[in-house]
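Note that the chains take the letters A, B and C in the order they are written out, and that residue 1 is the start of every chain.
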Amino acid sequence: MNETPKILISNLNLSIDKQDILKNINVKIPENKITVLLGPSGCGKTTLLKTLNRLTDLYENVKINGSIILDNEDILHTKSDITKIRQKMGLLSQRPYPLPMSIYGNVSYGLKIKGVKKKKMLDEKVEHYLKAVNLWEEVRERLHHPASALSIGQQQRLCLARGLAVDPEIILADEPTSALDPLSSQSIEEMFTILKKDYTLVVVTHILRQAKRIADYVVFMYLGEVVEQGPADEFFSSPKMDRTKAYLKGAFN
Amino acid sequence: MPDMIKKAEEIFFRILMIISTVAIAAALLLILFSILYKGLPSLSWEMISQTPKGGFYFGKEGGILNAIIGSLYLSICSTILALIIGLPVAMYMNVFLIRHKKSLNLIRFFLDILWGIPSIVYGAFGFVIMIYFGLKTSLLAGIITVTLFIIPIMVRSMDEVIKTVPSGLLESALSLGSTKTEISYKVFLRQCIPGIVTAILLSFGRAIGDAASVLFTTGYTDSIPESLSDPAATLPLAIFFQLGSPIEEVRQRAFASAAILTFIILLISIVARLLSTKFNRNKIKF
Amino acid sequence: MSGLYRKWIDRINEAWMFVFLLLIIILPFILAAGLYLKSYLIISENHLSDLLFTDIWKPAENKFGFAPFIISSVWVSLSTLVLAVPVCLLSSIYITQYARSSVLKLMQPVIDILAGIPSVIYGVWGVLMIVPFSVKAAEWFGIHTTGYNIFSGALVLLVMIIPFILNILIEIFRIIPEELSEASLSLGATKWETIKFVLLRKALPGIVSAFGLGLSRAFGETIAVLMVVGNVIKIPHNIFDAGYPLPALIANNYGEMLSIPKYDSALMFAALILLAVILVFNFASRVLIMRLERYA
């Protein structure tokens, strides 16, 4: 792990209403790997994920300090447009939230926001990204139907396509399979392992087995702190900290 | 460059948003200020302690005690009636019908629609009933009309309160062997008292402030009603009639009467607010 | 207390609760039936289209054309709606999306008190402030008016229905899951784009029904409008003309309605029209809202 990390988080503290949610986080997220944020619910992993694309701006009374360096730029203290930074990262949330428009509208939304107007260009991109998530064959006949009519599993793949369409470098996923059936979950996981060739992935999960299946790098969090982090094989085979060992044995969840 | 336009558009609309919100708050202040500013100077002890004397409607002495008492009689009686009918209904919905989600939704739907019917329609209907039963314009006819008018308000707002009682409470009380009636009036009622009082105050405020529903039914009189079959004056109608007068002194009294009614309504909403914050504080414990 | 006794109390109690509930449920039907019976006289003697679409109103000569009143009602409530849509939308978006939560805490009592102020007080305020303002506003357009006109009616109604609509809109914006905004933001949209393209679209059915309910409120409001709208029996041609909406017609003439034949029947018919219109609007809007809540 000596190469430069894609994202470097240092000394990150975050509190909401004077309650500390994240305490002194230092994490290096490697490029073109799947980094898994692992830990029991309420440990702050989702907040950490949302800090990465500054969705924490939405919260009231937040205090953040520290730095998150992405491409030589501290995104917490940047002067450049936050929307540009967000477009570098696609977000996949716990449940799919299709935008209230057609399937086509969902995938082309980010492109249109970016200013792409040519219909031919949009058509091509929509087709391309729907194919990338294996959804094209299922929806090509009803591209202009409301996205909410799709099944939950299809919706989640649509959300992934929607995120890929803005051409991000990083994909952030917050327990992306928790609302899905086992088959759909499996297809999302498979897609992740394919996507890591081109993208850096950060996946939040509390499912140990899922982490073992997909992780290249693991960050284990507990009560707002990073307890231990390291390459997946090392982390799972020879954990160093007592709390990690206890967690891996299933002592708490 | 398009980014600049985007930003300018957002700022433009944000400013409009702030203006709208401030304007709404300002409207309230303007209303309260203008009513009190015009009303307070002509407000006197005589206004609220005397009934109209001869020549009152030409600006001579007298007060609007008849209307104040009439309004109080009317709204207290109809609030009590509406409570007697409304509380059991709200309880029934939340204790007996709690498993029948479909009928419950239908009932709420009906009540909401009833709530939306304007008071003038209730007034006209009250008039129809009056004619049908051969009643004269009287306090009683007014009370019946206003009761019908506030029942949906009463039931729906109590329902909203009782709805928040956790279903676990019902189940554990049932398993302890209480009947549903006992649960309604011992457990649920106690749990929801502040909220129910708020609902009662809300209905009372509606009852005392509404003019259109009593226009046909209560009549208007300069004396204080002594029985249910007497006609009665009400505060909103007193304001309405006095404001229609061409004589300046009488119009001044209309403003003073408006100030009195505004006081009453403000008092009610302050008490209701205090109670509901207390209620919310209790609710957080669950 | 014996178990049997308690059981009987329970039975009796349940029965009387049920009876009251039934009474409430059939109330709208009784209301409609009562008004219909009373207005039957006038409906049976005249064509419905004559009643609704002719404009000659001479009760003493047995001529009842409701067109001036119906058209006035439409004018007043539609102008109110036109004013209410931007104000309520902008304000509810500000309160739920941009402002700190303390603004909502501040606005909630404002909304509640506005909603609680009696109609007659709004009327007095209208006479004090809105009517003079209306005179000035009309002068801008070179129109001379007494100030008692549709514009004044609409302004007073606007302030009256704002709290009502705003409450519903705030509720609607709050039940839209935050993750939807997050999804849009993370695709690079600005907050305003998110509101424009995602939130407003998601809330559209709710917004439509909120304004539907507001419109029917405005349609039925009586005393406040009556006090400022002028009450001249004539089809209005612009917003600075005096109007004479249906509720005002009913309220203004209750005194003489028993002295002229069929007059009472005509007024009850007016109430019936009012009830019918409002029931339709309410029904449609509530159905929309229920749908939104189910799919939200």
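Quick notes on this one:
Here is the rule we go by: contacts are C-beta pairs under 8 Å (C-beta built on N, C-alpha and C of every residue); 3 or more make two chains touch, one makes a residue touch a chain.
Not measured: the values here are computed from a predicted model.
Should one ask which of A-C and B-C has more C-beta pairs in contact, the pair is B-C.
Taking the mean of each chain's C-alpha atoms, the chain whose centre lies closest to the overall C-alpha mean is C.
Put simply, the C-alpha centre of chain A and that of chain B have 52 angstrom between them. Between the Cα centres of chain A and chain C there is a gap of 47 Å. Taking the mean of the C-alpha atoms as each chain's centre, chain B and chain C sit 17 Å apart. Within chain C, contacts with two or more other chains are made by residues 190, 193. Of all residues in chain A, those touching chain C in their complex are 50, 53, 55, 58, 60, 83-84, 86-87, 89-91, 93-95, 97, 99-101, 109-110, 113-114, 148, 159, 162-163, 166, 172.
Touching chain B in their complex are the following residues of chain C: 6-7, 9-10, 13-14, 16-18, 20-21, 23-25, 27-28, 31, 34-35, 37-38, 86-88, 90-91, 93-95, 98-99, 103, 106-107, 109-114, 116-125, 127-129, 159, 162, 166, 190-193, 213, 216-217, 219-223, 227, 247, 250-251, 254, 264, 267-268, 271, 274-275, 278-279, 282-283, 286, 290.
If you check the complex, the residues on chain B that touch chain C are 6-7, 9-10, 13-14, 16-21, 23-25, 27-28, 30-31, 34-35, 38, 85, 88-89, 91-93, 96, 105, 107, 109-114, 116-125, 127-129, 131-132, 148, 151-152, 155, 179-182, 184, 202, 205, 208-212, 215-216, 236-237, 239-240, 243, 254-255, 258, 261-262, 265-266, 268-269, 272-273. The part of chain C that touches chain A in the complex is made up of residues 100-101, 177-190, 193, 197-198, 201-202, 295.
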